[in-house]
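Reviewing the structure listed below.
Labels for the chains are A, B and C, by order of writing; each one numbers its residues from 1.
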Amino acid sequence: MTDRKAETLGAILRKNGVSRRGFLKFCTTTASLMALPPSWVPTLALALEQARRPSVIWLSFQECTGCTESLTRSHSPSLESLIFDYISLDYHHTLQVASGTAAEAAREQAMHENAGKYLLVVDGSIPLGNPGYSTIAGISNLQMLKETAKGAAAIVAVGNCAAFGGLPKANPNPTGAVSVSDIITDKPIINVSGCPPIPVVITGVLAHYLTFGKLPELDQYNRPKVFFGTSIHDRCYRRPFYDKGLFASTFDDEGAKKGWCLYKLGCKGPMTYNACATAKWNQGTSWPVESGHGCLGCSEPDFWDAGGFYNALSIPIGDVSRNTAYAGAAGLVLGAAAAGLNRKTKAEAVRNHGKVSIDDLEKPS
Amino acid sequence: MIEPMDFLLWVRGSLFDVAVTVFVIGIIIRFFEILSLGRSKDLAEAKGTEFVPGIKTIITRTLPEQGTFKRQPLTIIAGYVFHVGLLVSLVLFIPHIELFRQTFGFGWPGLPNPIVDAAAVLGIVGLLAALWNRITNPVMKILTDNEDYLVWVLTFLPMITGYLAYHRMVNPYPLILGLHILSIELLMVFFPFTKLMHTFTLFLARWYNGAMSGRRGVES
Amino acid sequence: MTGATLERGINAFKEQINAPVAAFFSSCVSCGICAEACLFYTETGDPKYTPIRKLEPLRRVWEQEYTLVGKIKRLLGFEKPVTDELLEEWRELLYDSCTLCGRCSMVCPVGNDIAYMVRRAREGMVASGNSPVDVQAAAVRAVTIGSPMGIKLKALETQIRNIEADTGLTIPLDVEGADYMALLSSMEVINFPEYIESLARIFKQAGISWTLCSEAFEATNTGIQIGSTDIARELVQRAVDGAEKLRVKYVISPECGHAYTAIRWDGPNLIGRPYKFRVVHILELLDELRANGRIKTRNPTNQCMTFHDPCSIVRKGGVLESPRNLMALVNSNFVEMPDHGKWNWCCGGGGGVSANTDAEELRTQVFRRKKLQLEATGATKLVTACANCRLVIEEGLEAYNMELPIEGLTELVAQHLIEDEIPSGTQDSS
C-alpha cells in the first residue's frame, strides 16, 4: 500500500494502459470544467502526472448513499474512476471490502499514518438531537467526525447533507441534523453541494486539490467557484424563452412540448448555482431542465424548505392564501375596534357641540 | 453574517407572512376608520343620482383636465409614466402573476419580459422625474413632508431592486432577489399607514366626489 | 355658551370630519394639481394658496383623532398640535383666499372634494373665533336685522311701491296659498331692483301665482358663508317658516349662487327634515316656462355677449343648460368664455370673500383671471345670474379699467318678453 502511494499518478495510469492521448483528454476536460484556459492543460497534466496518491477517508453519516451512487455511476469505465487509482481510498464503509473491526482499524491506521495529510470526504449530515440516531460501529457520527477531522489536511463535504444539512435537516429536522461546517471550524472545508453533486464536479475538485496542492477558490458557501460560480439560469438553454416570456404552464402543454421555460412549473434555476447546465449528467446525456423538469435548487442551502418544488420562485414559502384569510379575519376584528373608537370620539364631539350664536363669534377678550 | 440564501428564504418565508398580515390587517383597519365616520343622509331633494355619477367619476378622474395639463405637464406626465410603468411591471410580469395566482386562485396572461422590462425602466424614470418635480416645483415643495419622501423611497426600492434582479446585475442572485422581496415587504408594511393608501381610498374619494356632485345634477 | 375658544374649535373640527373627509385626506398624494385649478394660486403664484394646504388644521385633527398612526404619533409627541396661532394664520387661507368655488374639487386626481372640506373646516374657525370680523358682522346683521346688508322690510316695501308706481305691475306680498314664493338677495333689493320688476313681468305673462313673504324675503345666508351650521339653520328656518306659513308649493331661489346652495341643498339638512315645498332656481323656472311655451321672447340682439357661470349655480348646483337656453332667447351672437360651464373660473368674490375687506386686495389681484377670460371672448356685454358675481365683476372691471356692461339674465329675459298687455297698452297679443 505504502508503495503504491509513493507512485505518481502518471506511473499508475501507464501501468493501467491509459494512453498519453487519453490522459491529455482527461486533463483538457478537467481544465475546461475548472474554467482554466487551454494553456493550462500542460501544467495540469504535469502536475497530475507527478501527483502522489494522498490518503482519503470517506465518512458517510445521515445520507441516502446517493452521493456515492452518483460517483460510482460516473462514466464507466471512466477517467474519473481512475481517480480512485490515484487516490488511496482507505476508508469508505459502503465501498470497502473490509467490514466491522477490520474496517475501523483501516480508518485508524490511515489516520495515524497520514496524520495531518489525509483528505477527509464526508457525505451525510450529523444528528445532534440524539447520538443514537446514526452510529457507525457504535460510534456516533459527531464523535467520528470530530476524531477524524482532527488529523485531516482538508475536508470535502460532498452533497447537500454534508454541506448544508440537506434532507435530514429539512423542516422539522427531527434529528437535529447539521452540516460538517457547523461542527468543524478549524479546518479548510470545501462544500461540493448538490443532491447529489455532479460526479465530474467531485472528481474535478479532487483534481484541483492534487494539481495545486490547495483548495480552489470558494464562494461564500465554500463551494468551488469554478463549478458553482454561475447560476443554472444563466447557462440554461431555455433562457431565451424566459427572456421572451414564453413559459410552459403544465408538463404536457404546447409550451412544454416546444421546450419553453419551466419557471412557472417551479424551476429554481434563477437562484441556483451549479454546473448542471454545462456539465450535464450521465455522460453528458442530459440534465433536469433538458429532460423537462425544473431545477430543484439542490445545490443551495435548505432547498427542501424553499417552497414547493412546483411553485414558481416568486411564490412565497408560506401559505399566502391562508395567511391572507387569517389576516382578513383578524383585520375585521381590529377594524371593528378601530371603528368603535372613531365613532366614540365623534359621538363625544357631537355631544360636546356648543351651539354657535352670534354672541359666540369672537374670542373672549 | 446572514448568507444570501438564508436571507432569501427568510424574506420569502416568515417575513413575507408578517408583511402580508400587517398589510391586510392595516388596510381593513383603515377602511373601518374611514367608513365608521359616516356620512349623514342628504335630505335635500335630489336632482340626479349618486351611484352612476360616482362610478363615472372613479373612471373619469383618471384623465387630467386639459387646462391643468397645460399648466402642469411635468406633474401629469411623470405621474402617468410612473404609474403605468409600476402597474405594468407589478401586474403583468409573469413571476408576479404566479404569486397572485397562488394567493387568489386565479391569474391572467402576462406580457413578454422585454416589454415589462421597458415598462419598469419607464416607471423608474417617471419616479425620478416625479422626485425632481417634488424638489423643484414650489407648490409641491410646500405640500411635501417627510412622509412624501418616505413613500417615494418605499416605491422606488422595489422598482430598482426588481430591475437589478431581473437583469441579474448583482451577484449572487439570491441576495438581490431577497432585497427585492424585502423592499416589497417594507412597502406592504408601511402601505396601510401612509399615503400609499391612496391606491385604495381614491376609489372612495372619487366615488364620494362624483356621488355628491351627481346628486346635484353635476358631473364632476 | 359664551365666546369662541380653541377647544370649541377643535371639537367642531372633530364633528365635521366624516367618511368623505377621511377618505379625502387618506387619498391626497401632495401632487399639487389642485393649485392649478385655484385662481388664488394661478393669479398670485404663491404656493401657500394651494387648495389642499388650506385644510392643514382639519387634516391634523383628522390624523390625530381618527387614525391609528396619528394616535400613536401623538403619544410619541410627533404630531404637530392645532393651536390658536395656527388657526389665526389659516384665516387668510380658509376665508380670504377661498371662494368655495369648487374648481379644485373638479381636478384632484384622487377625487378630493376640497371645497366641501373648506366649508367644513370653517365650522372650526367660527367656533374658535377665527372667522373674519367683517363676515362676523354680516352674520350678526343677518340674524338681528334679517339681512347681511342690514336691509329691513321697510326698504323692500319702498322698492315694491316704486316699482308698482313706475310700471303699474303688482308685486304680491304675503299671499297665502300662492304657488310660488320668491326669495331675494339683499343686493337685488338695494342694487338691482330690476330683478323684482322682471319677476313681476314674467310671472304675470306666464300666469304664475306668486308672492313675496314679508317675514322671509332674504335668501342669502351668511351662516353658510362664515361656516356656521347653527347660524345657517337659524336663517334658513325663517325662509322655511315663511314658505310653510304661506303654504306655497314652490320656493324660487334668486339668481344669487350661495343663496341657492343655502336654500336648495343645505336647508333641509340644516333643519333636519325635508321641506314641504320644492325649491327651484329662477333660471330653471324660466327655462321651464320657455320650454312649455308659457313665455315667449322677441328680437334677440346680435350684440356679442358672453355668460359668466356663477360657481354655486353651475358647478355646484347643476344649473348648466338653462342659462344657455335662455341666452339663446335674447341673443343671437353668444360666445362662451374659455373654461365655461362647470369649468368656469370664479369671479373671486364667492364664499363670503366679497364681504371681507381683509381680502379686498387679493380679490382684485385674482380678478385678473376673469379679466383674461372676458378679453378672450371679445364680448361687449356680460350676462350673469348672481347679484354678488355682478357686483364683484363690476368692481374688478373698474380696478382694471375695463369697460363692459353687465346685466342679469332674468332682467334680460324680461326685456325681450312678449307681453300680452303692456301697461302702456300698445302691445297686441298672439
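Points worth noting:
In this section, contacts are C-beta pairs under 8 Å (C-beta built on N, C-alpha and C of every residue); 3 or more make two chains touch, one makes a residue touch a chain.
Since we're looking at a predicted model, the values are computed, not measured.
Averaging the CA coordinates per chain and comparing them to the mean over all protein CA atoms picks out B as nearest.
Set side by side, the interfaces A-C and B-C show unequal numbers of C-beta pairs in contact, with more at B-C. Centre-to-centre spacing of chain B and chain C amounts to 38 Å, using the average Cα coordinate of each chain.
Chain A and chain C have centres, each the mean of its CA atoms, that are 77 Å apart. Chain contacts: chain C has residues 17, 66, 68 touching two or more partner chains.
Each of residues 29, 33, 35-38 in chain B touches at least two other chains.
Those residues of chain A in touch with two or more other chains are numbered 338, 342, 346. Listed in rising order, the residues of chain C touching chain B in the complex are 17-24, 26-33, 35-37, 41-42, 45, 47-48, 50, 52-53, 66-69, 105-113, 116, 264-269, 272-275, 278-279, 314-318, 320, 339, 342-343. Here chain B touches chain C in the complex through residues 29-30, 33-40, 42-45, 47-48, 57-58, 61-62, 64-65, 67-68, 71-72, 75-76, 79, 134, 137-145, 148, 193, 195, 197-198, 201-202, 204-210, 212-213, 216-220, going by the rule given at the top. Listing the residues of chain A that touch chain C in their complex gives 338, 342, 345-346, 348-350, 352-364. By the touch rule above, chain C contacts chain A in their complex via residues 1-5, 8, 11-12, 14-15, 17, 65-66, 68, 126-131, 136, 139-140, 143-144, 226, 228-231.
Remark: chain A residues 219-221, 231, 233-234, 242-247, 263-264, 270-271, 273, 300-302, 305-307, 311-318, 320-321, 323-324, 326-328, 330-332, 334-336, 338-340, 342-343, 346 touch chain B in the complex.
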